[in-house]
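In the two complexes below, chain A is the common chain; its partner is chain B in one and chain C in the other.
Right after this comes the complex of A and B.
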């Protein structure tokens, strides 16, 4: 029964375009899939006990690589997306090998700086990146039927791949090793785990999906600019993960979709959107530090408080 | 033949504090060496240096004739040298089996196919060996329990199982009897004897003299980071300097 549960939303999402083809809502759902996947892939790093502020830049590496290859070299976007993901892995392995000996705030700072450097480079390197105005006229994925529905299904497929692969890895031996490193990297060393290797591996896995979704994004919106990949975008990905609940696999899925859709709904309130959004996040962090996924345990605690007082 | 473990003029400073000073120590294959001394004598520091947790300020450690000083801890384990900790530092939210499997992973990289299919036990027989190990320690009844729910004595045995999963030739035990009941000490002693029969060499740090003297071939005494005695259990318990520094009276040496 519980195993069948994920199929209900899956069937709903698959059948949705049969009932509505409203391009606006399809776009919102595509962006939700993007944000969910980014948050899930960021959580891979969280699983080894580090937080990254550079996820948007990794996504940008995939997006710019694929977009540049398509607009200037004429490479097919499908091949470009693969190349973009590969480039992202290379960047992550290089950066990770240098910096993943650091923990806590130090790694956060390194990734923060990495994101800033990425922004400066794409902002200045006009010949390749188009500078501040970005790359325009990026071709769509060839072979897809015109219209947004085909991108909607492509996003669903990529989402299924992201969720499936990351879930499998987490359940495998590598997942156990990652959690062990998060619990105590010293202890993990002492049972024979090469901690740096497995942290870099986590970073690489995290990066593949950031890069692939970056390429997807470039060939979907067909215009990318440095402002799409700032540190703030990285912080948003962190929010999706943490507000959803980083402890559980479902957390980033809930956080990414709820926050993306909520942002759209709040857009109607005009300039108040940031205020309401900020207030909501503050409330969640104050009363639900474990994120949305901890809602049921938090409610259970509220319900049981009078009882436990009487027995104390 | 070179001894299994050879510690040569090992020195370890922490700032101005000399935790270990010019230590020489040799452990032969198949031996059980006891390492004793008052608190702060440097016993655990010696373990930390041997197992690669600390890089020593000076001196070297040779294992199976090769220098291991400066190697990272995981690389030392792969050569066949494992350790346990004074306080069990297991992954407390993991099951007993997962903890033991982690110990086995040091010898086996996960196979990509197992990873993509989410197979934790894998297809390389690691799980079967882990279960066998749990059975030999009579822990197989708890294989799926989370470690934090186990009593202290069983946690100590799981700690031993994790170390054994890497198939060590030399095992460093940091206070294996601490906090155990008399029955549990008896049980642990039995397992150590059985493992010696299987060819494992031991260095054991322990404060429980009665239990240690029963299993040790040789005992080395540290005081303020220096070796003050090295000999058979009988020689050590009669050594006046050792009695002054650590054992207190003869009654303590013989009993509790």
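Right after this comes the complex of A and C.
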């Protein structure tokens, strides 16, 4: 029964365009798929015990590579998306090899700086990236039927691939090694695990999906600019993951979809949306540190005293 | 000569501003093991309350600054008690929470302050001619004020009883508690000192800025770069890091452009983190 559970929302999402063809809501769902996938792929790094602030930049590497190849060289977007993912892996392996000896705040800040440097580079390298105004007129994926429904199904397919692959890896031998490293990298090293190699591997896996979704994004919205890939976008991806609950595979899925849809519903309220968003985050961190997925255990806790004095 | 003096004065002004914000961040980091991403919004709030007191209510600059700094000190107490104390030492949850607070505070500021940039009138108008360069008095006041504040903080941490308690908690919280130091008192004090430093930096430089709710972001980012560059928890490291970033920005910004300056400091930061993660002058107990 529990195994069949994922098929209910899957069937619902597959059948949805039969009932509504409202392009706005299809767009919201496509963006949800994007955010869920980004949060899930960020969680791969979380599984080895590090937090990255550079996920939007990795997505940007995929987006810009594919978009540049399509607009200036004339490469097919399908091939471009593959190349973009490959380029993202190369960047992640390079950066990861240098920096994944670091942990905690140091890795957060390296990736933070990486995202800033990426942002500044695409702002200045006008010949390739179009500078601050970005690349426009990026072709759509050829061969897809026109309209948004085809992109909706493409996003669903890519989402299914992301979820399937990441779930499979997590349950494999590699996933077990990742969790061992997260729990204690020293102990993992003592039993003969090459900690840096497996961390870099996690970074690469995380990057493939960031790059692929970046390319998807570029060929979907057809206009990309540096402001799409700022460090604040990376922070939002972290929020999807953490508010949903990073400890469980379902966490980023819930966080990414709920928060994306909530953001859209609140968009008309202007700056108020960021206030609500921020308040939600603050409250979740204070009272529900395990994220949305831990809601049932938090409610089940009998002696739950949120206003008790801290003991340090 | 005059040209280089100009660059040096600019570098010193930028360094003072960033060092003050970075010292505030570093204090909280050292005591609570929390990176407070909301520190930039404190800077912004101080500048905007100064604007409200000074321009909207027509108080004079000194009085308006005092009121603004006091308001921020109270805010520090409230935020520490309601939010940060509960997540002491929990690095990631507190980081995410401070991002949440950043969104709330900045959003509220946008709702109330509007999107039009405002300005506080200059307090010390005019320029000083010095070695052929004309330097605005405002900038000299910022440099002097910044130096006084930095020296004041240094003396406070080094020589007062409260400063000693802060250092004790920084070195070993449990040991400090065993000596009878109240941890909650120390964290409250650290938040007050940190917020007041940031607020003073804000009221000092506010007359030279176009004020809007996003002005806190740059000092926050530069402050983070500086504490990493200098070494976390290290006051002298923060000074050195601040000078490096401030002068890099001034020199590269003059000869190329401000974006190139940020790029240079970003690459600098990555290189430091990768090859010397403890910073240039690591903190030693």
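Keep this in mind: the second predicted complex is superposed on the first by the 299 of 312 C-alpha atoms of A that agree within 3 Å, B and C clash if a C-alpha of one lies under 4 Å from a C-alpha of the other, contacts with A are read in each partner's own complex, and residues count from 1 in each chain.
Throughout what follows, contacts are C-beta pairs under 8 Å (C-beta built on N, C-alpha and C of every residue); 3 or more make two chains touch, one makes a residue touch a chain.
The structure displayed is predicted, hence computed values, not measured ones.
J.: Return first, second, both or neither, reflecting whether A:179 touches chain B, chain C, both chains, or no partner chain.
T.: first
J.: Let me test your reading of the model: by the given contact rule, A:165 touches which partner, first (chain B), second (chain C), both or neither?
T.: first
J.: State whether A:102 touches chain B only (first), chain C only (second), both chains, or neither.
T.: Only chain C; A:102 stays clear of chain B.
J.: As a test of reading the superposition: which chain, chain B or chain C, is in touch with more residues of chain A?
T.: C
J.: For A:193, using the defined touch cut-off, is the partner it touches chain B, chain C, both, or neither? Pick first, second, both or neither.
T.: In the superposition, A:193 touches chain B alone.
J.: In the superposed arrangement, which partner chain does A:116 touch: chain B (first), chain C (second), both, or neither?
T.: In the superposed model, A:116 contacts chain C only, not chain B.
J.: If you stack the two complexes on chain A, which partner ends up touching A:72: first (chain B), second (chain C), both, or neither?
T.: A:72 sits against neither chain B nor chain C.
J.: After superposition on the shared chain, which partner residues are touched by A:286: those of chain B (first), chain C (second), both, or neither?
T.: Only chain C is touched by A:286; chain B is not.
J.: Who does A:20 touch here: chain B (first), chain C (second), both, or neither?
T.: After superposition on chain A, A:20 lies in contact with neither partner.
J.: Considering only the contact definition stated at the top, list the common interface residues of chain A for chain B and chain C.
T.: Shared contact residues on chain A (touching chain B in one complex, chain C in the other): none at all.
J.: Give every residue of chain A touching chain B within the complex, in rising order.
T.: 165, 167-177, 179-180, 183-184, 186-195
J.: Under the definition above, what is the set of chain C residues touching chain A in their complex?
T.: 35, 83, 85-97, 99-108, 110-111, 173, 177, 183-184, 221, 224-225, 228, 232, 259-260, 262-263, 266-267, 269-270, 273-274, 277
J.: Mind pulling up the chain A residues that touch chain C in the complex?
T.: 51, 98-99, 102, 104-106, 108-110, 112-114, 116-117, 120-121, 123-124, 235, 238-239, 242, 270-275, 277-286, 289, 310, 312
J.: Using the touch rule from the top, collect the residues of chain B that touch chain A in their complex.
T.: 51-53, 72-75, 77-78, 82-83, 85, 89-94, 98, 101-103, 105-107, 110, 114-120, 122, 162-163, 166
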